[in-house]
Amino acid sequence: MASASGRQLRAMLRKDIVMELRTKEMIMSMGLYSLLTMVVYFVALSQAGSNFDPRDIAAGLLWLAFIFTSMLGLNRSLVHEKDQGCLEALLLSPVDRPVIFFAKAGGNLIFLLAVEALTLPVFGFLFLQGTHLDWGSIALLPLILIVGSIGMAGVGTLLATMSVNTSGKDFVLAMLFIPLMYPLLLGAVTATGGAIVGGAQGVSVFWTGMGWVVGYDVIMLLASYGLYEFIVGA
Amino acid sequence: MTEEHQHTLALEVRDLTRAFGVRKALDGVSLELPVGAFLSIFGPNGAGKTTLVKVLTTLLNPSSGSARVLGRDVVSDAVDLRTHIGLISHNPLLYPDLTAEENLLFFAEMYGVEQPHVRVSELLEAVELDHRKLDLTRTFSRGMLQRLSIARALLHRPEVIFLDEPYSGLDPHAMDILDGLIAQIRDSHTFVMISHDLDKGLELCSHALILAKGRVVLYEPREAIDDAAFRQTYRSTVGMGVS
Amino acid sequence: MIALVLGGVLTLGAFIGAFFWAGVPDFGFVRTAGQVDSVRYKGPFEQAIDEARYLANYAGYTVEVEADGESVRGELVSADAESVEIATGSGNVTIDAADFEAATVFGSEYGRPDWGQKIFYFHVPVAEISFVVFAFAAFYAIRFLMTRNRDYDTKNRVSMEVTLVFVGLTMATGILWTKAAWGVWWDWEPRLTTYFILTLLVIAYFVLRNSVEDEERRAVYGAVFSILAFIDVPISFFITRLIPSNHPVIEGGGLEGPMLISFILGQIGMIALGYAIYQLRMGEVQLQERIEQAKTLLER
């Protein structure tokens, strides 16, 4: 029984990755969206003068970009399923509903991480020129990106599965997603800020934030996993 | 879990109700269908035909009452049941950015079909799409999509095949292929078909069901049906002129 | 049901009466021989001028004001948006509000009238009830998912509506209280921020419901979101404490006498009121539903 689920999970993940590699639709749109956000950041900060330390706000700006990019990706990934009624085909097959959840969330996570991996260095290149970076603590960044993205992908997949069946679609997703993401965002920005600022204090702040995000992930993912089958059965 | 399913009944529906509050999509539907039969379901829009099929294919749960397909309960034995049923719907249920072959291989893997490549080739030939197997399904015409959808539904050799208005939007060639396929496997399989085409439905069926407002209006084996009387009932229930 | 409404309204009325009766000007801040209050100019988002003006509440108190790197101690004569005047042993000193940095206020015999505190009698019960009703909504949501009984969905929805009402009231009174107590209309401190998130979540619930056509699906989605939202709120609260908050939290001491009674009356009154609103709305909704059911049955 367990191996069947594993096989099905792998099949679904592989399908999503193959489709994405073929069309590059999601990665392209998410990646470009990210870059567009950078331009807007430049404009937004253009009046702030040069007195502020970009390291102070870098964390917030990064996660802002990630949150909105992830919403874009979540929406599209589920629209795919709904388009041709494919979700129904999946539900017809002898697969446990939670496996569908993990497959979709997993796929979304992979795409999100890919976009983040691209965005991070670009952001650094564009905005952190000339600042002193503690590379030891910067190396901690991937950790918080992964843990934060897991939360975003997990809860986001649940919410997007609902929102794709509404008449508001992306607006509804935003309305549901952002308030629920607030604790995760706060923890992630705190941790990211700590890592970027660096030093002993920065690192301790990083781990505090990490702790909270991990806690959030565990609780919310359990809840999402438990609630998912109610949504797909409806 | 019982392996022994000495069933002579493909469908065993008892007082099946699907309701939310007072709004009933299905209201106390009961019927029995033997294995190897062909059931045609007729009825006006909103009669509950699709809901009935969805409950029988485990996509929806009943609010009360029970339904067994091939002796397996649609709720408690759902996962096992799904390996024995297939659904051909008016939606193709296929991924546009995968090739025909990839689509079928994916579903074969989901169903745990043995020797998937062999089976997929076999079916691609049967629906005459072998020459297009490496093309993305987004390039297919509606008729081709439906043919591929049939292949998808038959991958795991289901014993009961549900069809939800399968002929709608098909060109004659595709219709012929579908007819051919059904004829081929007619004897060893059970069919449940929703159709708005009275003639086609009557022609193929061994049992006929008319649903209206979630209730059974008429349920008879084919031999017991007097054509004229049936059409009369049909017309009055569905409320549109049919020949 | 009428009795309930009456009970709720009466208690609320009694509470308002007591409110004015209990309006003893003495209540205010914890008074010690030492520091009563402190005000500090915080940085880019605060106006020094506002803080200087805030000191006006303390006319007659002993204050120590830091301005422009120097410290002046004496009795506060007056303070406004332009200047702060202090009577020191060696005559009156006038400080420019723009130079103002910080001030510490020291205890004195007479109390400081704090009218803003009155809102507290109303605000706290309303906030508490909002959480209680929200919890009920989540409970009904769970029951609905377990039983698929439409009645639970109705209870869930009505509870959320009542929650919305109380959340709105809490936010409104909260903003007023924030201004009265701290001199600013809004601050991103843990309680306010979490409450703001709660407000958004309750609104989101209705956005979700209104955007779904199918009734049963609407109920399922609403229930699922209620549960997620309910889990999210405590998490939000604790995580918000992460951000270092440099806001001085000025708390009242214990309540006594007429104030305590008023407060308790207020609590009970608000519970009764909340329940009454719920029942009222529930009755309305049930009537609507019966009409719909009758319609549906007639159609068959």
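Letters A, B and C mark the chains in the order given here, with residues in each chain numbered from 1 onward.
In the analysis below, a residue touches a chain if its C-beta (ideal position, glycine included) is under 8 Å from a C-beta of that chain, and two chains touch if they have at least 3 such contacts.
Computed from a prediction, not measured in an experiment: that's the story for all the values here.
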{"item": "Chain closest to the middle [Cα centroid of all protein chains]", "value": "A"}
{"item": "Chain pair, most C-beta pairs within the contact cut-off", "value": "A-C"}
{"item": "Remotest chain, chain B as reference, centres from CA atoms", "value": "C"}
{"item": "Rounded Å distance, chain B centre to chain C centre (Cα mean)", "value": "58"}
{"item": "Whole-Å separation of chain centres (CA-atom averages), chain A against chain C", "value": "33"}
{"item": "Interchain centroid distance [CA atoms averaged], chain A/chain B, Å", "value": "39"}
{"item": "Contacts with two or more other chains, residues of chain C listed in rising order", "value": "216"}
{"item": "Contacts with two or more other chains, residues of chain A listed in rising order", "value": "233"}
{"item": "Complex contact set, residues of chain A against chain B", "value": "4, 7-8, 11-12, 15, 18-19, 22-23, 80, 83-86, 88-96, 233"}
{"item": "Contacting residues of chain A [partner chain C, same complex]", "value": "155, 158, 162-163, 165-168, 171-172, 175-176, 178-180, 182-183, 186-187, 190, 208-209, 212, 215-216, 219-220, 223-224, 227, 230-231, 233-234"}
{"item": "Of chain C, residues touching chain B in the complex", "value": "148, 150, 215-216, 219, 289, 292-293, 296-297, 300"}
{"item": "In the complex with chain A, residue positions of chain C that touch it", "value": "145, 197, 200-201, 203-204, 207-208, 211-214, 216-217, 220-221, 223-225, 227-229, 231-232, 235-236, 238-240, 242-243"}
{"item": "Complex contacts: residues of chain B adjacent to chain A", "value": "57-61, 79-80, 82-83, 85-87, 89, 91-98, 102, 106-107, 109-112, 152"}
